[in-house]
Structure formats: C-alpha cells, structure tokens
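Next, two complexes with chain A in common: one pairs it with chain B, the other with chain C.
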Partner chain A sequence: MSRAALLVLADGRFPAGGHAHSGGAEAAVGAGRITDAESLEAFCRGRLHTAGLVSAALAAAAVLGVPPRELDAAADARTPSPALRLAARKLGRQLTRAARATWPSAELDALAREFPKGAHQPVVLGLAARAAGLEAVDAAYCAVYESVSGPASATVRLLSLDPFDATAVLARLAPELDRVADQAVEAARNVADEGTDALPAASAPLLEIAAELHAAWPVRLFAS
Partner chain B sequence: MHLDHHHNGPAAVSADAHRKDGSHRALRIGLGGPVGSGKTATVAALCRALRDELSLAVVTNDIYTREDAEFLLREAVLPPERITAVETGACPHTAIRDDISANLEAVEDLEDEVGPLDLILVESGGDNLTATFSKGLVDAQIFVIDVAGGDDIPRKGGPGVTTADLLIVNKTDLAPYVGSDLARMAADAKAQRAELPVVLQSLRSETGVADTAAWVRSQLAAWTAA
Partner chain C sequence: MTTALTGVRATARLVARDDGRGGTALPVLESDGPLALRRTRGSGAEARVMLVGAMSGPLGGDHFTVRAEVQEGARLHVGSAAATIALPGQTKGEAHYDVRLAVSEEAELHWLPEQLISAGGSDLYVTTRVDLADTSRFVLREEQVLGRVGEEPGRLSSRLVLRIAGRTVLDQELTCGPGAPGGWDGPAVLAGHRAVGQLLLARPEFAEHPVAARQLAEHAVVVPLAGPAALVSAVSPDALRLRRVLDEALAVLSA
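== the complex of A and B ==
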C-alpha cells in the first residue's frame, strides 16, 4: 500500500461532489446555532461523535470486507431523514465515479452495477480506500475528518468566518478525531462475529430534523 | 481520465464519446460568462430555435437557487423532464471545472431518461472571467459577455474570452445607451482570439439567436461526422 494514497482520498479537492454540501452547517447557521468559531466547534464536535462515528464505522467495515449491500442497509437504518439518505446516496454515486477513475477495481465496478444511483457515501468511501490499498483505520480517518471539515469550510462561506479560525477549530478537534476513528475501527472489527448490529447507531436528531427543513428552503447555497 | 478501459463494468463515462451500446452520445456544449450577460436567455432562444430539429436537454448550474432552471420551465422552452438543475454549493466554477461529478451524473441521467439526445446544453451560473468548463464535461464551450458589462472586457481577456470555442457579445441593442463601442469590442475580441469565432448578438433583433444556432449546428455536424 501507499500511505500517500490517504492524502489523495482525504483531500478536500478530491472531485467527488463534497463542495456542494455543508454537512448541516447551512441549516444550523440559518437557525442561529452556528454564529462564530466557538459555536462552529460545538456543532462539529456533536457531528463528529454522531454522524462522524457512524460513517467512520461503516467505512472501516467496508474496508474489512463486509458486503456493501449489508452496510448500505445498516446506513439506511441509521439515517432517518429521507433528505439525508438522498444526499448520502448522491455523494456515494459521485464518489463511486471518482474512485473508479482514480483506483480502478473490480469491486468498485460491481458496486456501480449494484447501486446505479449510488450507495451510502461512507460505504463507497470504504471500498475506495480498499481499492487504494488503504486500511480500515485510514478510511475511518477520512470519514471523521470529512464529518467536521465539510461544515467548517461551508461556514467560512456562509458567515464569512475568518478561515484561520475555522482551521484552528479543526486542529483543536484533532485528538478527538483520533479517538473516534479508533472507536469506529473497533466496532467495525466486531461485525465479523456480531453482524452489522455491532456498528454504532449514534444519532443527532437535530441534524436529521434540520436536514428535512433545509431541503425545503427555496433559496440555499448548499445541497445539504 | 480513462484508466478503467480494461474493466468490464459500466463505463465511468466522462469525456467518452460513445454510449454503452457503441452509438454516439449527445454533443455537450457549455455556456458560461459573467452574471446577467444573457446566458439563460441565450439557452432559451437556442432551445426554441433547435427543438423541432434536434432532441435536446439542458443542465443548469445555479449559484444558490433553481432560478435559471425555473426560468426555462416557466418559459416552457422544453418539457420539464428535459431540464435538470445541479446544485453547486455557491461555486458554479467548481461544478463545471474542478469537480464535474454532479454534472456528469445529470447529463447521463438525461440520456438514460429522455434519450437518445443529440445535444445537451450545460449552463453555468454567472461567474467570473476565469470560469471555464472542463473538457471532461463538455465538448465545446460558449462564453457570453454583454455590451453593458463594460466594453473593455474583450481587451482584458481571461480564459473565458480567449479560449472559448465561441464568444458571444450579447445585448448589442443596448450599446448606444451604455456608451459601448461595438467596433472596438469586436476588434479587441479578434485580437485576443485569433481565428476563434465571435458572434455579436441581440436577442431582441430580427436575427436573434440565429448566428449562434448556426454555430451549434456546425459543431453538431462535425461531432456526428467524427
């Protein structure tokens, strides 16, 4: 494996559609829950320990060889909001395209055939990491980082927040990213014996509810 | 782009000129340019001019709304299933150049759902003078500027003005009212673009979109013959 492949996959410029999504930040800004760097940090921390943890465990499990069909069903079960399911599948489809062009693999081809409209993004992320020769922990790191870097960069655009402040938020969260990534991999390793019920189901009800409201906004900058 | 040619899975289509069954896919033409220069109006006029002779569809890339798609729907230039809006996270230039995945899905879904298509127009939301389309997304691109945006734009150049396959200088009917020198704009454009074509256009005149439509037809003829 090449460890540098992790940098390619985790790069915010990896062309897989993430730029059009705010990870719930636009809805939170609209509701007055994110107003500055401090509240952005609280939002990111909440997202990391809920959606971030779940995504990371799904991605790690995909790297470990759990069948995508089972993981996709597990992701659906952990995503009550139809708007978030749709966003996750759209992003999964875009990542499938980008990953197939970047790291051609029979597994990704099979995934594209099985899910022509996209599987949940974390599942695809895991298979992309696998195709890139990366390990479960690498995919988990990608997922936890995405869970906070998306809202941070969106908030820079939404609030004209100082970009240095937003980046410092990410740096302060780094030790927690380490812990959540490890936790996710541990859960993913249990899937072999216990099935996908071993995956975390940490839920953030406000993210789910706000995503439904956001999807109905007539004017918005981000798709989710 | 196509590292996966040796695989048997469904093609990760982008610049590939053929459909899965081997037939020619639709020609894809991008339209970009500054805010308010008349891109959507040009797309609407092209749809009216070409819809009886060609099977066509439109993808819009709005900045923060579905305004452009809704204008086209309201004007009923095409049936609604032939118009798709891509959301760009406030950055049309990213969606048409740096990360084209959402646009590629939109064009492929249109081909699957209402195809076969001859032509897909991909419109960018108004952006800056450097916004150009990726060659992985479109086969040719049109850059639309207008006389009211300042007659020094052709002289200033930039990738849109200098490299687009067609430059439209739009709203020529307004030139006398905004003090723009059309002859100078045409001469500057010529100097920036060498042999690449320039169309001076007023959608309110009798000729309307005719010159642009003729250019699109010539592109399509070359595409089909290739």
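== the complex of A and C ==
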C-alpha cells in the first residue's frame, strides 16, 4: 500500500467532476442560510455529521468488501431526494472512469458493467480506494473531507468569501472529521455481521428539501 | 407492563384481519400500562383504533413498544388521542419508543398519530420499522416538535425504516437537541425550525407511476423514493404550520 495514493484520490484536482457540485451550498446561499464563514462552518458541520457520515460508512464498507450492489441499495434508501440520487450516480460514473484509468482493477471493471449509469459515488470511492491499495479508514477520510471541502470551495465562489476564511473553517472542523471517520469505519465493520442496516442513516431535512428546489432553478452555477 | 427503577416497559399489540364480511376484525387489541388501545367507530371496511396515552411519558428509562399487524385484505386506521410528550425521568437515562408495523398483501394501514414533542431535558430514541408486501397500501405521518412553547428541546433521535417485499426503500435517522451531533440546528439540517415532519406513502401503483418530485410549501417537498413509495418532507417554525402543510399534502396525494 502507498499512503501517497490517498493524496492522489483526495486531491481536489483528481478528475472526477466533484468541482461541479456544491454539496447543497448553492441552495443554502440562495436561501440566505449561508452568508459568511460562521454560517458556512455550521452548514459544513451539519453536513459532515449526516451526509458525510453516511458516505464515509458506505465507502469504508466498500473497501472492506461488502458487495457494491448491497451498498448501492443502502445508499438509495438513505437518499430520499431523487435530485441527490441522480447527482450521486453521475459523480459515481465520473469517478469510476477516473479510477479505472488510474488504478486498473477487475472490481472497478465489474462495477462499470453492473452500473452503466453509475453507482452512488461513495460506493465507487470505496472501490477506488480498494483498487489503490488503501484501507477503509482512508476511504472514510476521503468521504468526510469531501463532504465539507466541496461546500467550502463552492461558497468561496458563490459569496466571494475569503479563501483563507474558508480554509480556516475546514481546519477548525478537522478534529470532528477524525471522529466521524472513526465512527464510519466502526459502523462499516459491523456490516459483515449485521448487514447494511448497521450503516448509519443520519439525514439532514433541509439538505434533502433544498436539493429538490435547487434542481428546479433555471440557472445555477453548480449541478447540486 | 413492568416497572422497575430503570423505568416502565410496556408493549401494546394490535392485529387486524379481514372478517370475511366486508369489514375488518381486531382479534388482538392489547393495551399495556401507559399504552391504551381503543377501538372507535370505523367507516366501511376500515377499522379504527385510537392510541390513548393513559399516563404521561415516555420518561427517561422507559421503553414503550407498539406492534401492529394488518393481515391480508384488512384495512386499519390508527390515530392517537393527543400528542406524545417525551419528558425527563426520575432515573437518568434514555427512553425508547419502538413502533413495528407489518402490512400483508392487499391490506391497508393508515398510521396517523399526533405529534411527538421533545420536552427540555428529555432523551428519547424513537424507531419505526415498517414491513409491507408488494400490494400493501400505506400512509404514515411522523411529526417531531422540538420543545414546548418557548422551551429548549430535549435530545431526540428518530429512525424510520420502510421495507417493501423485504427490500429497504427508506432508512432515515434524525438526531437533534442538546448532545446531538453538531450542526443539527444549522443551515444544513434544521436552521432554527422547531417542527419537522414526514408523510410516507406506499402504493403498488407507484411502481409504474411514481409521484413527480415537487415543492409543496416553502420548506416542503414530495419526492418519489427508490421503490413504490413517496415521501413528503417538511420543516416548519411550529407544529401548527407543519400540520397544515402535511394535511394539504395528504389531501393532494390521496386525491
């Protein structure tokens, strides 16, 4: 295993299309719920403990070898918003392409065949990490970091927020990222005995509701 | 019912079956301690039951369970007489309220209880697990109110799981109040709203004709789930406005 592979996978420049998504930040900025660094931090913290935790647990479980079909169904059940299910599958498809080119693997090939329209992104993230020789905790870290870094960088563009302030938000969240990554791996380890019911199902009502409203905006900067 | 230093354990059970004469019989209607079930006047083929809270609660340390089974071809409507208020108990510790619903082929269940109010200092885990058959028809309303008027809420964790023909279609958990993971009251989760609710509907027709996702109120949408079911999600400043939104949604979706 090469730990540096984690940096390649987690790099914002990894060509998997994540930059086109704001993680709900565009809708929250539009509704006046994110207006500054403080409200961005509260947004990111809420997203981390809900969507971030669920994504991280799905990704970690994929690294541990839980069948992608089961994890994808669990992701569907934890994503009531069809706009978010669609976004997760589009991101999953892009990540599948990037990961197959980067870390060729029979499992990623099989995933691409089984899900021509894309599997949920966290499931693909886990299989990509597995193909890169990384561990469950690494995939969980990627997922929790993405859950807050996406909204933070989108808010810099949407509000012309000072990038230093946005980065400071991420740094302040770091201890919580550690805790949520550990929590996600612990839940993922229970899947072997208890099935996918052991995965967390933490939800954020406003993320789900706003994602549907955002999908109907005629003009938007981000896909989700 | 058993009472110990740890709190009250109570399980109420309810079975509805087709009575063979175009109506629904209730061969099992078991109240237990604070959970009292009363049959009320039904309409047509449908039996109606009211869940009456005979004591306040659940308090810290209590563990309540309600089990309802609707057998093939039966039709049941369950409501409650008043809101359930989660309160802190004499004993430290969390309270649990589990609801287990099973609906067989060609059977129908409307589960429409009043609000759950999380009073200051309470600590409650609510779990609702629903198992449906392919041809079941189902409506469930769930409303959580965070604190009585002007009061900080307690800690409330609520999980809702819907399975249709063994496949999980919805699995959602919401945790809020003091001690909940950070950000629960922030712009991603509740943003200061004090009432959050859901309406969950399942019908075999949704497999072919899913509902179209759309906005119902400022912070309310209806969405098709990844299965023959639909979910209305809403947040509101208070219980009254939440109920209005969910009532309107139910009327539209039942039409």
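Methods note: the second predicted complex is superposed on the first by the 224 of 224 C-alpha atoms of A that agree within 3 Å, B and C clash if a C-alpha of one lies under 4 Å from a C-alpha of the other, contacts with A are read in each partner's own complex, and residues count from 1 in each chain.
The working rule: a residue touches a chain if its C-beta (ideal position, glycine included) is under 8 Å from a C-beta of that chain, and two chains touch if they have at least 3 such contacts.
Fair warning: this is a prediction, and the values are worked out from it, not measured in the lab.
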Discussion item. For A:Gly24 in the superposed arrangement: first (chain B), second (chain C), both or neither?
Written reply: second
Discussion item. Once the two complexes are aligned on chain A, which partner has more residues of chain A within touching range, chain B or chain C?
Written reply: C
Worksheet entry | Touching partner for A:Arg189 - first (chain B), second (chain C), both, neither | neither
Item to complete: Return first, second, both or neither, reflecting whether A:Arg220 touches chain B, chain C, both chains, or no partner chain.
Response: first
Discussion item. Using the superposition on chain A as set up above, list the residues of chain A that contact both chain B and chain C.
Written reply: none
Worksheet item: Which residues of chain B touch chain A in their complex?
Response: 1-4, 6-10, 12, 14, 63-65, 87-91, 94-95, 98-102, 104-105
Item to complete: Please name which positions on chain C make contact with chain A in the complex.
Response: 159, 161, 167-175, 181-184, 186-191, 193, 196, 213-215, 219-221, 223-226, 231, 233-235
Discussion item. Touching residues of chain A toward chain C in the complex: what are they?
Written reply: 24, 28, 33-34, 39, 42-50, 53, 73-74, 76-83, 85, 176, 196-197, 200-209, 212-213, 215-216
Worksheet item: Tell me, which parts of chain A touch chain B in their complex?
Response: 13, 15-22, 90, 93-94, 97-98, 100-102, 104, 106, 108-110, 112-113, 116, 154, 157, 218-223
